[in-house]
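The following pair of complexes shares a single chain, chain A, combined with chain B in the former and chain C in the latter.
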Partner chain A sequence: MIRMQDLQKDFTVRVKAGRLRREKRTVAAVDGVSLTIERGEMVGYIGPNGAGKSTTLKMLTGVLAPTSGEVSVLGLTPVPQRTRLALRIGVVFGQRSQLWWDLPLRESFRLLRHVYRVPAAEHEARLRRCRSLLDLDAFLDTPVRQLSLGQRMRGELTAALLHGPGVLFLDEPTIGLDVVSKQAVRSFLAELGATGDVTMVLTTHDLADIERLCHRLVVIDHGRVVHDGTIEALHERYGSRRSLVVDLDRPLPDGFTLPGATLTGVEADGHRVTFALDTASAGAAVAGLVSAASVRDLSVVEPDIEDVVARLYASA
Partner chain B sequence: MGGIDASVLTISPGRPLRASVTTFGALVGSGFRRYATYRQATIAGSFTNIVFGFLRCYVLLAVAAGAVGGRPGGYDTAQLATFVWVGQGLLTVVGIWGPPDLSDRIRSGDVASDLLRPVAPVTAYLAADLGRFLHAVLTRMIGPLIVGAIFFTLAVPTRWQTVPLFAVSAVLATIGSFGCRFLINATAYWLHDARGPLVLWTLSSGLLAGLYFPLRMLPEWLAVTLWVATPFPGLLQTPLDVLVERDPPVQQAGLVLLQACWAVALLALCRLVQHRAERKLVVQGG
Partner chain C sequence: MGEIGAYVALLGGKLRSMAAYRTSFAIELLSNLGSTVLDVVTVFVLYRATAVVGGFSLAESLLMTGLTAAGFTLADMIVGNIDDLKRYVRTGTLDTVLIRPLRVLPQLIFMDLPLRKLLRLAFGIFVYAAALVANHIQWTAARALLAVVAPIAAGVFFGAIFVLTASLAFWWVESGEIGASFTYGGRDFTSYPITVYGDWFRDLFAYALGFGLVAYQPALALLGRTDPLGLPAWAGYAAPLVAAPAVAIAALVWGTGIRHYRSTGS
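Up next is the complex of A and B:
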């Protein structure tokens, strides 16, 4: 479906050097990315600001010509075959709009049907589906400029899907949305992905999007892929562990150890301790604690993907 | 999502031309509706056109009164009044000072959405501009024409071919104006901002298209050079000269032919520039 081989994009920037002189410097925004994405996959593509995520997406959609390397989407080469590719992909940019600012959504959709030359019956069927899943009816006749961000985003998603694309590129589709709108967008995408017909590439800074939607996670930093695999594999690789937070009546005795777990935090004069579970199961650790100390309350905390990714960004 | 599948779509695959015409028509319609949204702007714009119409008309009539034989540039007073009042209406129809949509979208990076459509950007922008043209023909032309006819004596065409020729000429002027503006705006692909070139365009187009004074008042060698070597006279002066029957029939038709050549050349140049730009394009923003 999508193939990238040693994909590279260099930008030339002019840097001030002295009073009048400016030096040209080449910056690699994407630096030798090779990836293959199969049909029906949902891939999260993440990285810190300026890592090269959007640049990659622009090259995949044919908006930006790569400096070197090869790229093919649905068997087409994006830049030279851009208009043909456009008929078969859908793109949502969270920070831009592809709708007509002055026109109501209904008009935009009607226009898109003609632009993409979709038969009327197919168009109707898809629009009906989006209307019910994304609750569009309440603002279908409002000009786009008067829509709230959440409403507009739902409109954007519909617009990207009305021609039945085989690949959907989503560049930060949940940026700036409130919790309810985020949920709506995520569950819509999840349902779309569950059919297995649509391949999705999603960039985001909200890792909850990834956890909810993507099996595969590609992390890019300074234009290079630093991780490609499942979220679990990422946790494993960066040694993130579940932890056990325990409230105690009295502090633990000095020198107390819990087999297979490490004490990572002591708070409230020793009345609250945190153990990271290395090899011990949560059950064994709880049993060990209860037999040695008077436990008032405890909770098991799942590893936080935000922490892992923060560590990954910092180390890269 | 049963309704959304990955099939490749075609509308009446055997008739690609008809499908293209439908698409183009839909885009023209969208341009029309975009402008139809702003009714107050239409009224305010017409009012401004009319105020400036009086100003220009009295200045030109004063010039005519002082000129030898009372025919500056070969126009009589009715022709001059028609030149001004139809010109005031035509100004927004042709849209030489139309909105800088393209350069704004390049600057903000929204041009990426244009590139993600299965329609060539020049075609899509031209269609939208023709929609704007249709809207202006219906709303902006009429006001100045009525006011001009009430307060001044206007020239009435005497040849049967004048009105159809004028209609063709006005469409060609619009296409020419679109081509020029597209090229000026496209400088933003390289400069990131087209405000400098746009200021230059605003100044030169008003002067060289015959808005400030009829170009026939210039020395003949200069007027001919402008007509042949630049697209400017074709944007406003030519349709007005056609309408007021400034020249004999053959020359009247010849001017429209010249306009057509410029329109084709400009559109070809737009395509070329757009193609070049896409190769070096840097889409702004993340």
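Up next is the complex of A and C:
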């Protein structure tokens, strides 16, 4: 579906050197990325600002030509075959708009039907589906310039899907949205992904997008892939563990140990303790605790992906 | 057909968008007309001071002004907005256009066609028609054909100059108004008989860059006058062909520009 082989994109920047002299310097925005994405996959692309996420997306959509390496999407090479590819992919740039600013949303959809030459019946069917899933009806006749960001983003998603693309590229689709709009966008994308017909690549800074949507996570930094796998694999690799937070009536007896878990914190004069679960299951750990101490309350805390990623960016 | 329908839809979107701002459209329409009227008035003012300029009477000179006005306003209305390429690059409109299944230049032209320049075009054609009448031309079939082809060729030539100069923005987003010295500067050059210009300047603009073939030479042929600068009589009839190399060069530079943009992303 999508293949990148040793993909490279260099930019030449001019740096001031001395009063009048400027030096040319080459910066690799994408530095030898090789990835294969199969049909129906949902891949989350994350990385700090300037890591090369958007540049990669632009090379996949034919906006930018690679400096070297190969890229193919749906069997097409994006730059020479841009217009053919454009008919079969959908693109949402979170900070750009595909819609006609001064026209009602409905009009933009009608115009896009002509731009993508979609038969009327297909267009209607897809629009109907998006209208119900994204609740568009309330603002379908409102000019785009008057829409809230959340409403506009729902419009942008619809606009990108009306020609029935096999691959959907989303560049920060939830940027700037409030919690409710984020949820709406995510559940829509989750539903779309569940059909298995659409391959999705999304970049984001909001890791909740990834947790909710993407099985596969690609972390990119300084133009290189530093992680490619599931979120669980990321946790495993960086040693993040689930932990058990326990409120006790009395502090634990001296020398208490829990097999397969490490005591990582003691608070409130020993009335609250935290164990990191190394090999023990949560069930076994709870059982071990209850048999030895008087437990008032406990909770299992999932590892925080934000922490893992922050550590990953810092170490890269 | 499908692709043409797409461009028609883009134009329709532009029309409907404008309908949202009817009053400001009407004002723009009139203010745009004003600037072209002034160009023509300038010619009249010039001939108040002297009856003959560069060996040409007011009516003869007006034919060159009219031919230029008709051709230039035609080009300005159709591709003049490509001047905004700098803005399209900076705001990312160019990226949006690149992800659609259509060619870049026609998309930019049709989605932003400056219809506010419509009255200007009408006035340009009017001045040209008036100049044709004022000159008591000895009509032949060849002259009639030339009278129709010349303004269209002038439009195509100026259109190519617009695209050519706008392409600068692919390499140099801060290119500013350099392009305008060739588009608007070129228009001002061709509005007058080229005999009024100094030697090296005339050679450069009129013949090296081709502006002398846009209005001056066809006007000579229509008037049946021999060129005081010595070109043969048939040169006036052949002059419209200058549009062809201009378009070829513009297409080449534009294509190279797009490739450069894609390889630098700036």
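A few comments on the model shown:
As a convention for this text, the second predicted complex is superposed on the first by the 314 of 316 C-alpha atoms of A that agree within 3 Å, B and C clash if a C-alpha of one lies under 4 Å from a C-alpha of the other, contacts with A are read in each partner's own complex, and residues count from 1 in each chain.
FYI, a contact is a pair of C-beta atoms (placed from the backbone, for glycine too) under 8 Å apart; a residue touches a chain by one contact, two chains touch by 3 or more.
Keep in mind that what you see is a predicted model, and the values were worked out from it rather than measured.
When the two complexes are overlaid on chain A, chain B and chain C occupy overlapping space and clash.
In the superposition on chain A, A:Y116 makes contact with both chain B and chain C.
Using the contact criterion defined above for the overlaid structures, shared-chain residue A:D6 touches neither chain B nor chain C, since it reaches no partner.
Applying the stated contact rule after C-alpha superposition, one finds that A:D197 touches chain B and leaves chain C untouched. Shared-chain residue A:T67: touches chain C; no touch with chain B. When the two complexes are overlaid on their common chain A, residue A:R96 makes contact with chain B and with chain C alike.
Of the two partner chains placed by the overlay, neither chain B nor chain C lies in contact with A:E306.
Within the superposed three-chain model, A:E107 lies in touch with chain B and with chain C [touch as defined at top]. Chain A uses residues 11, 58, 61-65, 79, 82-84, 86-87, 89, 91, 93, 95-98, 100, 102-103, 107, 110-111, 114-117, 143 to touch chain B in one structure and chain C in the other. Taken in their complex, chain B has these residues touching chain A: 1-11, 19, 22-23, 25-27, 29-30, 33-34, 37-38, 108-110, 112-113, 115-120, 278-283, 285-286. For chain C in complex with chain A, the touching residues are 2-3, 5-6, 8-10, 12-13, 16-17, 20-21, 92, 95-96, 98-103, 259, 262-266. Every residue of chain A that touches chain B in the complex is listed here, in rising order: 11, 49-50, 53-54, 58, 61-65, 79, 82-84, 86-89, 91, 93, 95-98, 100, 102-103, 107, 110-111, 114-119, 122, 125-126, 128-129, 133, 143, 161, 163-166, 172, 191-192, 194-195, 197-198. Here chain A touches chain C in the complex through residues 9, 11-12, 55, 58, 61-65, 67, 79, 82-84, 86-87, 89, 91, 93, 95-98, 100-103, 107-108, 110-111, 114-117, 143, going by the rule given at the top.
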